[in-house]
Amino acid sequence: MVEVALRHRFDHPGAWRSSRRDGFTLDVAFAAPPRGVTALFGPSGCGKSTILAAVAGLLRPQSGRVALDGAVLLDTAAGICLPPERRRCGVVFQDARLFPHLSVETNLRYGLRRAPRDAEGPGFEEVVALLGIGHLLARRPAGLSGGERQRVALGRALLARPRLLLMDEPLAALDAARRTEVLPFLARLRDAARQPILYVTHALEEVDALADHLVLLEAGRVLAEGAATEIAARTDLPLASRRDAGVLLDCTVLAAPGGGLARLGFPGGELVTTLHPGAPGTRLRVRLRARDVAVAVAEPHGISTQNVLRATLATITPAGEPLEVFLRLDVGPSQVLARITRDSLERLALRPGMPVWALVKAVTFDHRVAAAAAAPP
Amino acid sequence: MVEVALRHRFDHPGAWRSSRRDGFTLDVAFAAPPRGVTALFGPSGCGKSTILAAVAGLLRPQSGRVALDGAVLLDTAAGICLPPERRRCGVVFQDARLFPHLSVETNLRYGLRRAPRDAEGPGFEEVVALLGIGHLLARRPAGLSGGERQRVALGRALLARPRLLLMDEPLAALDAARRTEVLPFLARLRDAARQPILYVTHALEEVDALADHLVLLEAGRVLAEGAATEIAARTDLPLASRRDAGVLLDCTVLAAPGGGLARLGFPGGELVTTLHPGAPGTRLRVRLRARDVAVAVAEPHGISTQNVLRATLATITPAGEPLEVFLRLDVGPSQVLARITRDSLERLALRPGMPVWALVKAVTFDHRVAAAAAAPP
Amino acid sequence: QEGPTVFAAASLTDALRVLGQQWAARGNPAPRFSFAASSALARQIEQGAPADLFMSADEPWMDYVQQRNLIVTATRVSPIGNALVLVAPANDARPVALARGTDLLALLGPNGRIATGDPAHVPVGRYAQAALTWMGQWDAVAPRLARADNVRAALLLVERGEAPFGIVYATDAAISPGVRVAGTFPAESHTAITYPFALTRRAEGNARARALFAFLAGLEAQPVWQRFGFRLAQ
Amino acid sequence: MTLGLAAEEWQAVRLSLEVATRSVAVSLVPAIAIAWLLARGRFPGRMLLDALVHLPLVVPPVVVGWGLLMLFGIRGPIGAPLHDWFGIRLVFTTEGAALATAVMSFPLIVRAVRLGLEAVDPGLEAAARTLGAGPIDRFLTVTLPLMSPGILAGTVTAFAAGLGEFGAVITFVSNIPGETQTLPLAIYSATQTAGGEATAARLAGISFALAVAGLLLAELLARRMHRWLGRA
Amino acid sequence: MTLGLAAEEWQAVRLSLEVATRSVAVSLVPAIAIAWLLARGRFPGRMLLDALVHLPLVVPPVVVGWGLLMLFGIRGPIGAPLHDWFGIRLVFTTEGAALATAVMSFPLIVRAVRLGLEAVDPGLEAAARTLGAGPIDRFLTVTLPLMSPGILAGTVTAFAAGLGEFGAVITFVSNIPGETQTLPLAIYSATQTAGGEATAARLAGISFALAVAGLLLAELLARRMHRWLGRA
């Protein structure tokens, strides 16, 4: 359990001789579960890095408290402020921050050598294998590509045997191709890590692939906090106004996709997809974007769309855009969001409680994100 | 008309004492039309920036020729190599490169003051209004946000009255929110510019919003070159293996969307969308992603999907993923791609020549990109 | 009113300051002094320095400028001289008899040094070398010399107790409260210590310079020279 | 307000300031040029030039002064034509003191300016080129302003060192009050006088105070400059 | 192979190298400490410390030598206990020459080291902290290696300046062949002798050659270092 409560104000003196004094106030409190990834999600400048710095001890907030499984790292009221080197928070920075004068191996061992004897964690070989960096050990950081660099940074943080892992947009500095390359390693690390992870990002696909718990931030405040699937399903948050808004479905692979389409089961139904999610039993979370869900009032036939799910229209809510609405559909115990036009709403005379069919194309899912999200059974 | 033909090799000496000598060879030739935006599109490290540098004169290639409307800027065979300051190529760099010691206004006027007397181009006030930077004129670059900085850089390049505008990933350093903020200004600039623009990017949405002509690069070579719409419609290029592959449709706004859905006409059909594309007559290009197109062999009823287009199945081609295929659909004279599973292909017994219905949700289009892509009538 | 410019050895500083004031007090334009090492001054005169009078601390550097025809040879005189003394720190008062064969090394102890000017180029060092050679001590004492840049620096080393002995001019010993004269070298132990004065070529027709020269080399200046410990030439 | 200083000593203070200022003034432009050559040039004799610039640091100041005397004395290969054709005499003048000081502080100023130049982002110069600025234009409007922190640092160090320059000055231009007797020479003269230690210490104190003032001013300027360049 | 040099002159060369090397060796650690204080410290006397460090640059070397004699002489407040309790004597010894040289080149070395330190990315130090490295640990394993180009630059400048140091050395330890007669003192001696010009020029040439060698070596080392730090 990671408890974080922080208050801090930055004053921006503004230009010289300007009397304008604007600033930034951070005022947040949240708790992250003792295992899994808690994503801090929000737009640029909302205070994500500031929170991470305060947790790591690199910034001393004006007031606040940070506790990790009951151990107090910071408590301004009690005058406690452990220095970073005694907090045992492994940090993965956006810009890797590998030591340029040390080889990859020495970088990796830097934290390991300084970790307490009795600290538990994966061994050197294990981490190297996990991240696929065995062939880089003798090289210098300067010769690495961006993606390789971030993988080494992940390994270095993990090998310091931290009690808490902090990651500050570890993929933001990478282009799309490199991001795709590193995302699966992050997912593996999430599964291998025995400690909680605070993961800062402003990319939704990283939340989809990695986050169990989500803290939604805006302008220094917490907008919402909860399980990632719950938050994604809410239509009252700024998240919902994104074009790619939609629910996250926790699925289990039902049929081995040996050459055929993968069948994913979720409470209340099944999805047929062109994903390659691994062996049956693999757990997998997929984002079902609301805009990719069509509804029909009669069961359609002769259509390429492969997923036609029986559902009940639960509620109709606005969708940010004036011409669109969200339909919340109950598919068994699960909920699915569909984005349709007000026009269609009227044309089909949709009312809450009506039985409908939800139509989802099998090709609609994001292969990269899903590949990363897959967790072994 | 911009003619570019370049050969250049970088040797990477490799690590010290390593005998491995790898390098990078650029070998490209292409011609950009005399007006509009030509996008150089390709993955990181494929040589895009190198091409731009050679055109601007900041890099002297081992051999090559660059001509602009018949005027030779570079011809290694003839021993011609104009210095950058005499090429009159306005460059917008990824990192803005504003002069930190000069005010925004002085930055803007830097190139203007050095432009030939008789050079034509928009006036200072015009550019400032176009880019919405009037309120920044007295400020220093250091105080600007990333987005503001790029807008000033755009203005500075434009005011130098260049014969050719070169932009090297002007949005890459910005986060999603800032990108959205600057994209419309780029679109405005494209419409206002009287000179050709070479635009380097590896973001497909920027190609969608801006590019008329596309040069597809990979590992230092030109893979394909042509009108952006043509290239997008091809299924034999690496582009097609992207999840967001699909055709670009050139549309004209038919109905004013005063509170209602916008009707966009394209040769052979109409699309109903929730976009806000401006007054009737506005021209607009939208990406219709293949994965968002479903097909039906019988006309569906009672379905929320609002666009049901009569089409003829022209060809069936592989789609990168083994379980998926592309259907090329003729909708009047236009072509649309649909991505469906092989499973559906067999289930519906689809064969070339069959009449089908193409199903497209009205909410499927990307509002940000479309907003930027809209050109006044 | 610009007075004449006098290039003078640094060891004449104190006395010349007083003489300059006296000269000015008589209604003459105050002379300008440039105090530095005789060697530097000689070279500067060679390079056209605006010196009207040259007052060297030793004869060889005056010879140097004379050979190069830079002075009015007829004016060259050596009106004052000095004595060479062995000094010790003021709190360590033991007279030393300076005669042939005196065992200076024994007096110096295992580590002690004699501070004096560098015999290679500082005049006082040259006189010291001659005197020590006369005493038959040169070979023994030479490795024990602390060769200073100028007399004052050598004096300072004794004042601070760094060197138990120093060989300096009587004039310097007289005005330093930190040292005491342990013995005076016999006049025959070294060539006479004299300060040659001369008018430079450029001042040949300069009446003011000639007048000042006459004053400094003449009777009126003698009390001041004596006050500062200089000996008058016979 | 004489602070217990004789008129001659005040003169030395004034002269020292003048000499230090003039030496910085004359060496600034060549130092910038040489720093540019060393940082940007790719020519065969670069290392040799670098070594030559360091020369005054390596040989004793007296030797530098002596070398200057040989070169610029009215019988010297440079001094003779200067004197005969233009009537310019450097030896034993304030100008000469400034020259000697400039030569001595030259390595320090070049080093600082060079570091400042190396900190200039070549990307900004490239940007200026694409905006139509030719070599001199972009040097003056972009490179020079951006390297100004280095120039400032060099100026301060050179000024401070100029206040203390002794060996080269006394050898080259002698020790003439009001003309070439700067503070360090006055200090030297004081040490040559019986009981002159107090005067020497007082003058050294003034020297120190001047240098502190210069450093303080530079620190303030540097802050302002960094803000100006947006690096604050 | 005597290059036409007398044994005594060879001795001066050897001694110069020794003095310059030792002076750099003794001043390196304090210079790093002071550079660290000046660059990172936020304490009231920072400006004063900065000025004090510059002091040897500002006052004439002879005065520095004189000051050293007052402090480190056997009657001085530092020299007396050193001598009485530890039997250490600095005046007239090679160690003393190294000390005087070290003091004189101290401002140069501090300045370069400080620039090197300011170029170190504090982010890397923060990274080391989060990996469990305490203050000394991270200074030794991260900060120090990363500031090494600045240290190298400072070492070279100080070494070059050390080869030329004169005024402070001759005043503090005087000129004892084989003990304190370094190259500059030998050169000075030669220039003060009528007809010594040739010897002086020859010795100055050796001085220059040594400095060039040092600079060359440093350039090579710097390149290697930059590659090592991945900045090539």
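We call the chains A, B, C, D and E, going by the order they appear; numbering starts again at 1 in every chain.
Following the convention adopted for this analysis, a residue touches a chain if its C-beta (ideal position, glycine included) is under 8 Å from a C-beta of that chain, and two chains touch if they have at least 3 such contacts.
According to UniProt, the chain labels map to these proteins: A, B = Molybdenum ABC transporter ATP-binding protein; D, E = Molybdenum transport system permease.
These figures come from a predicted structure and were not determined experimentally.
Contacts with chain B and chain D are shared by no chain at all. Chain centres were defined as the mean of their Cα atoms; on that basis the chain farthest from chain B turns out to be C.
Remark: chain A and chain B have CA centroids separated by 30 Å (rounded to whole angstrom).
Chain B and chain C have CA centres that are 89 Å apart.
Rounded to a whole number, the gap between the C-alpha centres of chain D and chain E is 21 angstrom.
Counting partner chains per residue, chain D has residues 66, 191 touching two or more of them.
For chain A, residues touching at least two other chains, in rising order: 140, 143. Residue positions 40 of chain C are each in touch with at least two other chains.
Shown here, the protein chains touch in an arrangement that is not a line, ring, star or fully connected set.
Pairwise chain contacts in this structure: A-B, A-E, B-D, C-D, C-E, D-E.
The touching residues of chain B, when paired with chain A in their complex, are 15, 43-44, 139-140, 143, 175-178, 202, 243, 259-261, 272, 274, 291-292, 294-298, 300-306, 321-324, 338-341, 343-345, 348, 350, 359, 361-364, 366-368. Note for the complex: chain C touches chain D at residues 5, 7, 10-11, 13-14, 17, 32-36, 40-41, 43-44, 46-50, 150, 152, 172, 175-176.
Contact residues on chain D toward chain E in their complex (touch as defined above): 47-48, 50-51, 54-63, 66, 107-108, 111, 115, 157, 160-161, 163-167, 184-185, 187-188, 191, 200, 204, 207-208, 210-212, 215-216, 219. Of all residues in chain D, only 121, 123-124, 126-134, 137-138, 141-142, 145-146, 228-232 touch chain B in the complex they form.
Residues 56-58, 83-91, 93, 95, 97, 99-101, 110-111, 114-115, 140-143, 156-157, 160, 166 of chain B touch chain D in their complex.
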